[in-house]
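One chain, chain A, appears in both complexes that follow, with chain B as partner in the first and chain C in the second.
Presenting the complex of A and B:
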């Protein structure tokens, strides 16, 4: 039967086995282990068994999913000593000859993985954005008028964490996978199966994440379902919140594994798979930015994973990593004490700060490339740009304690962290120098992508300057933990990373889908996004200066004006993003067919036919010059000659 | 026009707009502060913080205006209508400009360091002997204040005008953060740890304490009042409290002090 061969293994069989895995795992704990000990008079035990069951369910669900999609097939055959797959089998695994079904399978072709990432991250973005809209609905007026406070806290937590996971994934996922191997002249990623596995982990992580709002309904101990902790999941609060935190921790651990696999894969690919002549100084900035982000993802994510494992351990096994008190307070609870509540802050932020640079570093690279293409000028200082990117990578590991300026932890070190934080504005400043210098005296072609490049410059400038206020200890003491901070990092992450992403989608859409995105809808959504975004977060700066704390469901009438403006602007932003999404879907189906190199770029991906064939290149190109060589003549078809044929090195 | 010719207009715009904005800020800031853009300042720490922010604003104006003017000038002057048919000058960088850019960055950073370390030294100055000692104990979802000098406790914070206060902040359960917006006082309340903060209230009045760290369901309701009063009013209040102390509904919170502090008063 042909349909079984198509559907098994696929994401559909994976979903079935995942569901079975969850049921088996959870029921085993609840009924077999818990059955005898299930004491309804002991609230501690009920909670404990409930969450142990869920955790076992999530673990088996992950295994079920991986088995169901066939991720274990080749590792198993190697372990059993069967012969290595030959090239034809590899091609079949990459989706050769499959139609649309290859997008719903464990497919190793990097372009399929890229499209899967694009769709998954856009769905994540949509749900994260929905969370933002709900938050702004609640904050539209003083008083917790729309939701109960515990629901609001859950929405805040889910919005924060989901958006972070989205932004971590949405550069190195879709573009890192689709574009970068072609850009450096490789046939695929270095580890194609690892690549397929990384998107599989992200999907199952999101499935676990979806449990959060439903976990803990009717829980007798905690009030309400979900997680009350905010995305920082500080261990102290995470222990007493509802059992939804277990789903959050599991989901984020799985997503962390996914991003680490992706990062390792990308770094290896760039080191090992470059085409002849593609030296490190001929790689487009997109590649450099993604490499920087991957280094941060590979090194930083572990700290959060450790933090979350400790949280699960504190909850389920009654360890005391984050509990300091030694006597009295926890009598009868089973906790030993002797831990440190500062530990959770340090572990979280040691991940947390490199992570925010992980979010924007690819954006730096992408935006510099787009600025170069649409100005028809080489980068203003290629090595300057690398210095900027790598300077940020190195410094980003030395600044995390600025999140703890008021925590009381080693206050004598605050001077150092203030200094290192302010120092990071030097490499970031170089990015601005490169951007401005590249546009200067160029032939600026105002496509929607270029619009987003200007939007990035504007927003990240504001985000960076307000960051200076926050890096200074005395000023930070006042602003710390308030809406000013929320506005600041939204200016960097939405204004920086998201603008870069929206520009990048518009830019590479013709390569990925073979069609152009609609320009008119593009501009309308662009202006809507700018007006909505700036209105929302400038108003948030205002209420932050006035003294409004973060993550509050209810606030003093003092802040009503600013919040109303922020909410209305946020709805404009939301509507415009929906319009952008509509543009993506509409253009994917019915946009005008794109020419081979619609933007006149000189990077390698535009030399391949669209849709890009399996293994990308008939013959691996020999690269003879840098990625911004606009002076070189183009072939009559409009495809630049650069790099496709061997020749003496020019650049 | 050559490069130099193009530079004139944006540089003039940069200087003029920067000066205009700085002047605007100079005249408007006090008006806005009056109108409630920032909380009414009521301590030396808050004065210090907002002074630093004001200096930063002056420093940021030329940086912000510079980037915006040059980007906008590029956009309007070098814009190609439709797809460009030719290419821009193939400039691969400018080492001299890079040098000046880096030099300017480091000069600005140095200024930030001078301001920052100076402010930090003020912030970290030890409490004078005359300081009032207040133990702040956060728990879900109230703050409790113990006046260790008098061994009384209260759910409303009473402070004395122009008398330094040393807050020692801790928490009974989860992370909280103790914040008085008008006084620029902020210290995380971390369970099991003591976090100190010294400030001198310098204006009579009623202010608010807000919790700044998400601490559970009622986080947004974790606000209490602060009253800054004269020394004599405060003395009256203290003696009242001491007389009713045994009946006070807010008993002093007993913390395992010995476990946390060694003889030198530092955390062991």
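Presenting the complex of A and C:
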């Protein structure tokens, strides 16, 4: 194959067309349309040609990227009624016979997409982590000593939203794509092209996101570069902040499209592509958890998209969804008003609360699977676990107003939302029951993965219980807007979702890369992460109870002690995560070669050879029993099962 | 997990859903995602009207929309949907000529609706900055136009295939699945039409 055929189409040609698209779009607005009317003294709060140009640039940039990577080829040929591609062409698109270049292309093989997701999410995690370190640097001492306050606010916003996007992509991205089709005995995802498209959307979303800190520098009207709203981008604040918020809104809309596509694809795959005998009650919990998350993504994300579309349109087209002023107030600005601040809060949190469970549901599933593998016991209460997961899915749509207890919106409903929020701890409790019941009296094999399972159990417990504090209205009136809330959701997201993810990387690494991760570095980074994490956020609970507000660069010396502890611990956490990353990179290159089933697990993905061939199975397997039968004699190429048949184990 | 290779019925799937079913499930879920989007738009409309901040939902002196025009546009959309229903029925009966006719008519009506809607949006009696109702109404119209634009791909594709005679009584998955999208866009058109009638802009 010649070089041009290898590089066109690929991510490289996509990047070139994306750059051209951005330049054409923005320059067209700035020079051609805006040229004559350029007016920095616009009396409006916002909404000048500067940001319209950026927006046009982002839209064309996205189209350029999609054209450049060849995403339109199939839809166009379908539209024109041309011949459908045959199996050989499909295989070529899946990367058959291509070397490393298939990772830099629009490739349909779900395993390639899984690896692409793994790398992209890891990079996102690294940048988000960098933001966290900058935040903790600023908060190490009282006084805004490290950054100007506007810069600090921008860092907080960018860190928050980037991490949320990262964790949303963590599970359905790398593992949902790589592992789940093999787990249910399928040859690929239901819609391989949609799959390749979803990672492409995530990449371009991140490219747009990278514009945020650079937009609006030197613009005298807006309040400097960046976005100062916090990750919740309440429309009322977004209407007044720097123009970076346009990039943020665009990026999150694109990432939302990406996760909706991933969700639809995953749900369809599980409904339609299971191998013979793989009934719903034989699916591993990983699949169930990811399905729960996909349902939340499919149903909830639209609410955020509507919110963001309204934000952009308020700023750029001067609509008044969130703009409440009376006509006289902004005479001449083009605004009339009539919008509501509560609208943005409700739209955001109707997405926002299901979203926090979207972050953690797959982790529930993963952790239950891993607990069963390393306790060498069947899952304790399979149906109970499904009930727990689905209970969370349903309830999480009924609690969003616990984020608005002090907003003044319908105070009569606070009692209801308090009760419904506390109700969620019931299905969550079921999951804990299953998890503990599975480990109980098992013969625990203490791998690093299992370490992360324990860490999950510990920190999610704290996260959940502090959530109950917050759902209590009188307590929340005190704690809302403070560091206690920040500590709560870091215990659930870092302590829950991230621990599950780090454990899962360690667990599936042999299947994904063909090599084992290093056990010793693994344990060192594990303990560093635990000490750093708990130190940071326990200290944050403490300053939160003392009354320290969140999202401020400067604070009273009263809170100095707790913040110093939190910052030092955070640096330990950061260093340990770097060590974890080093382990991933080092082991990927030089780790010991893995066998097909190093953990002796029972699920389908471990029955395939490593590396997993294109199309996964030579012949589609017929499944004849559940995923956790450790009493069975042996799995193909697996180590013999331990634990259950060995009689009651002690310890 | 016990597995057997090449055992009983290795060719049949547990899910008993074939290639066609896969596309059908996928399209259904896509439409569900789209319905959620519309649901939030409608909720926002009802919400802003309900709170009517500063009495600026429909500021004094704002001109209302012209119902005869919207009735006409919605009528076109419904007619397009009906032609599609006809084609869908015909393909199940195996009446090839009627399939071609139905789909072509439905497609032409779709495209005409698109053009007229763009024109309609350009000539509204208010601008998008004219208060809560005006903002919501323009967003609704824009969303409808987005539907019609995106659907253009389906419309062209399905028309070409129908005219090539590729849909038969046995194989017409394209018509079924694109039908989901088609009907949903018609339904959204009706919702967008009825909402300002049931809960009008002017509050008195």
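Operating definition for what follows: the second predicted complex is superposed on the first by the 625 of 651 C-alpha atoms of A that agree within 3 Å, B and C clash if a C-alpha of one lies under 4 Å from a C-alpha of the other, contacts with A are read in each partner's own complex, and residues count from 1 in each chain.
Following the convention adopted for this analysis, contacts are C-beta pairs under 8 Å (C-beta built on N, C-alpha and C of every residue); 3 or more make two chains touch, one makes a residue touch a chain.
As the structure is a prediction and not an experimental result, all values here were calculated from the model.
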If you stack the two complexes on chain A, which partner ends up touching A:439: first (chain B), second (chain C), both, or neither?
first
Would you check which partner chain A:457 touches, where first means chain B only, second means chain C only, and both and neither mean what they say?
first
Examine A:429 and indicate which partner it touches, taking first as chain B and second as chain C; both and neither are also allowed.
first
When the two structures are overlaid on chain A, which partner does A:340 contact: first (chain B), second (chain C), both, or neither?
both
With the two complexes superposed on chain A, say which partner A:581 touches: chain B (first), chain C (second), both, or neither.
neither
Specify the partner with more touching residues on chain A, choosing between chain B and chain C.
B
Quick one: classify A:324 as touching chain B (first), chain C (second), both or neither.
both
Which partner does A:475 contact after superposing on A: first (chain B), second (chain C), both, neither?
first
Which of chain B and chain C A:380 touches, first, second, both or neither:
first
Quick check on the superposed pair: does A:630 touch chain B, chain C, both, or neither? Answer first, second, both or neither.
first
Which positions of chain A sit in both the chain B and the chain C interface?
324-327, 340, 342
Sites on chain A touched by chain C in the complex
75, 78-81, 190-191, 194, 260, 264-265, 267-268, 271-279, 282, 298-303, 305-306, 309-310, 313, 317-321, 324-327, 334-340, 342-343, 346-347, 350, 602-604, 607, 619-629, 632, 635-636
Considering only the defined contacts, which chain B positions touch chain A in the complex?
3, 6, 36-39, 45-46, 48-50, 52-53, 56, 60, 63-64, 67-68, 70-71, 74-75, 78-80, 82-84, 86-94, 97-98, 101-102, 105-106, 108-109, 112-113, 115-117, 119-120, 122-124, 169, 171-175, 177, 179, 181-182, 184, 186-188, 190-196, 208, 210-221, 223, 256, 259
Which stretch or stretches of chain A touch chain B in the complex?
144, 149-150, 153, 156, 223-224, 228-230, 232, 234, 236-237, 240-241, 323-329, 340-342, 345, 375-384, 404, 406-409, 411, 414-415, 418-419, 422-423, 425-426, 429-430, 432-433, 435-437, 439-446, 454, 457-458, 461-462, 465, 468-469, 471-475, 477-478, 480-482, 542, 545-547, 549-556, 558, 600, 630-631
Could you please specify the touching residues of chain C with respect to chain A in the complex?
1-10, 12-15, 17, 21-22, 25-26, 29-30, 32-33, 36-37, 39-41, 44, 47-48, 51-54, 56-57, 59, 128-136, 138-139, 153, 156-157, 160-161, 164, 166
